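Below, subunit A partners subunit B and then partners subunit C, in two separate complexes.
Coming up: the complex of A and B.
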């Protein structure tokens, strides 16, 4: 590094030393090649009709217009919003509950349980999907368990059911995401000054009052992070649906990202797929902005 | 030492002058790996200096990338496509593959099959119309959708192999009443239901009419009264519980494993399953072509995936020569030994009882000119539509009328 310092020091003095920017240049080049350029290209392609090879034909806003008038696409967006409940709200509620309990109760070997509960988060979605497909299978552990409990009437092909497939895929998302929320909140709880809890106790607060008056307000920042992360995942999720149901039965678990894949790789409609991709990006951007604007700290 | 070096150099020089080193690059769908491994070894032996480099991709990956691979500046010389506008049509429209008529005449491929049976490989040169025109692909393998059955179960139910559709329906009803699952179906994957639909459709609609619709879905009426009958029949079968209550939660591989383990009296699937079912069930599995409602047989089916020669291939003659090896009469027996169903009549005895029955079912379909291809070939969006609508029909979420309306709407898109 010595020679590098010499190099920098020998440069004539300017108001801003641009040489520092050289250090981000390699990373920025990668960012341009692998993020900004594809994004710009997708944006351009979204105004064209293109089979994936050959010439792109300019069609203006036609792809966007057709997407907005496609009932299947609109219903797939509704499915995404239902999945937000499972991918985002449930994990955050469970994570908060666990964090709240851990504040009050000292459990032996807590690090072990924390690691176990966090495990789903580090598994590949493909592995998770295949495992849960097996759990939900007609003769899988879930149905075997129900039969064992004498609840034979309840057992069914969960992922093959028009009524249950979507919520049951959603529950897999809850299982995957709650560990993430929990770790985030436990870390947040640890930075709350213990004096606050002592003061709450002196004021005669029970566990619930303590949670709502001390823990919850202090975790606002972490909740925003968890919301942004999980809502984004709920909307752009692809692998879990692809592995478990493929959007079926019928279109009951179809989500926009499945349509993007099908249009681009099965139907020769890369232009239309691109426009749907841009729409999905805008939707995520809008929702995240709303979350940040509504929940940010008021000065 | 010096002498040895001179000797080696001499030998190498002789070989280099005598034999032109050539490489043939092949990209295939993974189902062809066993076939190609044998064919490549034979071809390399009889053509010294030729090296075959074959690579394989599983179905989903293959279909998602084949167009891009052939559009590349350095594409494989020989590659699979897929019948229909989605893959083959797009390849021809963009000039990525060459017509094979010259090679077909040179090697006599057209004489191997009945008049008109290569229609699924025939296209106008701009790739806009399908079913006639130049020959753009060829395949040595036939794949048909037929009915496999559990022999013990059929016997213990007091049934025999049905000879018309009414008898088949009766067998389903008897199985159901006896507490057996009549038809095992891996409906979670969607596409296996296309094969079931193909058989029911074939039982009611003239095969010629089905093919015309697939070649030209936009210009051919889908909602005919005979097809309506077929849709109603499928709805009736689903309502009667002939596919069980869990079929939409079972994948294709699981369904076949369950059939091997004794679930289901009938299994409506393709001849590509022959080797696997024979290995799992031995003499307990039989096969027949689906009998039609009136008379004769019908069923989904076609040649296997077409082979195409890239328009950028530096050595199309060598690629065609290899294709001719695949199409040759000698190779038919090798196909039989791997358990595949050759498109040409085999010269050796079947390797198993099941293969014998499968080949006779396949011959019956060829003889009656009753192969009806696959519904999803018809339009690029049809795969999605037909799998979704069939899942709804099987799962009771839509009626036969809903199904026919959705299909007709997709046909004219």
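Coming up: the complex of A and C.
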């Protein structure tokens, strides 16, 4: 009974009932053993040289130093930033533009459209990657379409091209994300009180002024959500790269998570792979913090 | 009124165009998979007939019956244990006195944004030390740990919506913590638990990297892993057979989605919101 003191007594100096902790214990055990411990262990391993067997040899910051001086790793981080444009920027711009158009429109059957637009979110990236591999294939629909339009000399093996592989993998990300952004922003727009729009109209605001003065500020919360969600996915992104290009051709679509996998499980450079993992984690934390700080402050 | 009609027309056109963009890749591989083996499919022609030959070849060649079985075992393990652990934890955080709720929650928050690409190396060696690498446990246990932060967040916010008077009344009648949780609160949050189940099912079903690292034995592969080996396997280089295999792997989630799509969408949209 004493454990229920939150319900009955709110006296300031109540005794802590330790038996309440039994309720959170199993969950935290799983979390500590399979999330926090591996994180700490990766952090430690990142300062060592280790092939996966034997003793770990302490090397201090050497792995980090080597990563930052490795042209291939730096370019893989650049690729990730290019992918952010495709995974994050394009879908959010598309979603916002469409939400801006639909401010006043009540569309019948929106639940049906929403169900379809959301579809790419639920599928395994392996399945998505295989579908797009076919579309981009030398004799796939994209090239057939180009041939049909008389643009034969444009057709090529898109994912095998040093110049086109990265943006075309990026477009898959745009495809996965734009429906999600649309749904999020249209739902947000419908929560904006119509009086705000009426007031803007009285002030003589055109559609653009209306969008920038009313719609955009009101959607700030949804924009933060969309940014955090899509940026994180663009930086992780292992499955899609693995099944579409494997990082190639050459290293033209290599991203950090692919390097982590290759270094740790194919090249036996476990220490180096761990340091790259910690760098990726820090990069994601930094970007999320930047998004939250810059967008939350200007309220 | 003309103005309103025109706006509606524009809105519908945008939605329909978006839906075509989303659906095109699906129909593209569906038509490819159902095509007559050996014929050239361009992606724009509608198949003349329906042939299941590609599905039969994919099914027997890719070992997908054991892939689907492995995936179901892992999904059932992850979803059931995660929910069993998260419900009491969320309940304690919201309705009981937990000294240090704020720091404990901050630690959980970390797990929501942590890229598990950076944990995978340690998880592999941890499982090897436990002697569990290559078993279903090496996929189930880490995914429980990774699913727990979201589950607790999700369930705690649904416990929050239940008025405290409800449990107070039961307590005055002498009911204990566990009785209150099971008899009074659980029925109230049943919809939230169902949504969580659907989301965990989807995430676990689609998980790939962990299976790629942990599982060496071909008979133990999960469905997406079996698919990736199959798609990379030169012997079955025919894109039509690969397309059929991809559809087999997507089907279980698609079927659940057709019936419970509202839960997927509300869960994901409000879930990432929190």
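Just so it is clear, the second predicted complex is superposed on the first by the 269 of 299 C-alpha atoms of A that agree within 3 Å, B and C clash if a C-alpha of one lies under 4 Å from a C-alpha of the other, contacts with A are read in each partner's own complex, and residues count from 1 in each chain.
As a convention for this text, a contact is a pair of C-beta atoms (placed from the backbone, for glycine too) under 8 Å apart; a residue touches a chain by one contact, two chains touch by 3 or more.
Bear in mind the structure is a predicted one, so any value in this text is a computation, not a measurement.
With both structures placed on the common chain, the touch criterion links A:121 to subunit C but leaves subunit B unconnected. Once chain A of one complex is fitted onto chain A of the other, the partner contacts of A:160 are limited to subunit B, with no touch recorded for subunit C. After overlaying the two complexes on the shared chain, residue contacts for A:130 are found with subunit C alone; subunit B is out of touch.
Looking at the shared chain after the overlay, A:225 reaches subunit C, while subunit B stays out of its contact range.
In the superposed model, A:48 makes contact with neither subunit B nor subunit C.
When the shared chain is aligned, subunit C comes close enough to touch A:145, but subunit B does not.
Contacts of A:80 after superposition on the shared chain: neither subunit B nor subunit C is touched. Once chain A of one complex is fitted onto chain A of the other, the partner contacts of A:182 are limited to subunit C, with no touch recorded for subunit B. More subunit A residues lie in contact with C than with the other chain of the pair subunit B and subunit C. Contacts of A:269 after superposition: subunit B is touched, whereas subunit C is not reached.
Across the two superposed structures, the residue set of subunit A contacted by subunit B and also by subunit C is 52, 133, 137, 265.
Partner subunit A is touched in their complex by these residues of subunit B: 63-64, 67-68, 71, 85-86, 90, 93-94, 96, 187-190, 245-251, 254, 380-381, 383-384, 387-389, 391-392, 395, 397-398. In the complex of the two chains, the subunit C residues touching subunit A come out as 4, 7-8, 10-12, 14-16, 18-19, 21-23, 25-26, 28-29, 32, 40, 42-44, 81, 84-86, 88-89, 91-93, 95-99, 104, 107-108, 111, 113-115, 117-126, 141-142, 144-146, 148-149, 152, 164, 167-168, 171, 176-177, 202, 205-206, 208-209, 212-213, 224, 227-228, 231, 239, 242-243, 245-246, 249-250, 253-254, 257, 261-262, 264-265, 268-269, 272-273.
Within the complex formed with subunit B, the subunit A residues making contact are 51-54, 133, 136-138, 156-162, 245-252, 262, 265-269.
Residues 1, 3-8, 14, 16-17, 20-21, 23-24, 26-28, 30-31, 33-39, 41-42, 45, 52, 98, 101-102, 104-105, 107, 110-111, 113-128, 130-135, 137, 139-142, 144-145, 148, 175, 178-180, 182-184, 187, 221, 225, 228-229, 232, 235-236, 238-239, 242-243, 256-257, 260-261, 264-265, 270, 273-274, 277-278, 280-281, 284-285, 288 of subunit A are the ones touching subunit C in the complex.
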